Amino acid sequence: MNGYANNKDQLLARLKRAEGQVRGIARMVEEDTYCIDVLTQVSAATKALEAVALSLLADHLSHCVAEASAQGGSVAEEKIREANEAIARLVRS
Amino acid sequence: MNGYANNKDQLLARLKRAEGQVRGIARMVEEDTYCIDVLTQVSAATKALEAVALSLLADHLSHCVAEASAQGGSVAEEKIREANEAIARLVRS
Amino acid sequence: MNGYANNKDQLLARLKRAEGQVRGIARMVEEDTYCIDVLTQVSAATKALEAVALSLLADHLSHCVAEASAQGGSVAEEKIREANEAIARLVRS
Amino acid sequence: MNGYANNKDQLLARLKRAEGQVRGIARMVEEDTYCIDVLTQVSAATKALEAVALSLLADHLSHCVAEASAQGGSVAEEKIREANEAIARLVRS
């Protein structure tokens, strides 16, 4: 099971858009677009991926972590440890 | 109650160190230190604060969120919503 | 003219890889992959885009900004102002 | 010489404020303030340091890098390489 089941369509739409953004950046590079204009689009694509990550994380905490915590025990601890590592990777990326 | 009760001494030591780093940066500026050397210290202080944030967040999820989730209900939902907003602020800062 | 002319093939290869990463993330979501595993790939794709941005910026400073500065005047000032804005967008994204 | 000579007072004022923010966070921890409220202040202090870094970098490019580029040669190249490394550290911190 995963936490984003109810958001799957929205997530896929966002990822399709992000993929299109990255493809658009490649096209800009092929057409020798001015560096700063390419950079602006890279920042936009990065922000789009960050929004995907925050959405995935929010669903994960609301469902997977909340349910494991309701059951308690070592599974709950492991889920929280794992979530913290994912958050740290995200903050540092 | 707060989630970092068991880590309070370590947190305070880290914050004292971060405060010293920021004061050290001000001293470098007063002494007209070369820009790049000042910048290196600003990056180090930023990373130190990020580590404080990740530690606070980990404790918050392990204690406050886990306990609220174990009880369930609207308090649990509110705690998770609040944690997600804090994570988003952190990722964007 | 653009600053990345000599790095175009490498940039395009990186962007093709990043596009593949984003498409791979969509596939993971379609297949209901575990949230944390999806998140790990989102962090990797974000880092890949960040590397593209740093490479574009390095080429821009080495060529466009350096050449404008060599000529001086208001064009040089404008180029530097523009670069600083791009850096700020990058740091905040 | 350094690039922030004309902004020194403003930089020192910002750093003094950031130092006060970090000291304030330590006080919050001492007084067992709720985790999320502490985290909000850590995000604010991190943003303040980021603003200091962007200001230092902007001054560095406008003065040190622009002047070295106007002279050209290996000193200019070295200054730009160095600036690119500082930007990468900043983006990754």
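Here are a few things to note about the model shown:
Labels A, B, C and D are assigned to the chains in the order they are written; within every chain, residues are numbered from 1.
Convention: contacts are C-beta pairs under 8 Å (C-beta built on N, C-alpha and C of every residue); 3 or more make two chains touch, one makes a residue touch a chain.
These figures come from a predicted structure and were not determined experimentally.
Of all chains, the one whose mean C-alpha position sits at the greatest distance from that of chain C is B.
In whole angstrom, the spacing between the mean C-alpha positions of chain B and chain C is 28. Averaging C-alpha coordinates per chain places the centre of chain A 21 Å away from that of chain B. Residues of chain C in contact with at least two other chains: 50, 53, 57, 83, 90, 92. Under the stated contact rule, the graph of chain-to-chain touches is a ring, a single cycle where every chain has exactly two partners. Within the complex formed with chain A, the chain B residues making contact are 50, 53-54, 57-58, 61-62, 65-67, 69-70, 72, 76-77, 80, 83-84, 87-88, 90-92. Listing the residues of chain D that touch chain B in their complex gives 1-5, 8, 11-12, 15-16, 18-19, 22-23, 25-26, 29-30, 32-36, 38-40, 42-47, 49-50, 52-53, 56-57, 59-60, 64, 82-83, 86, 89-90, 93.
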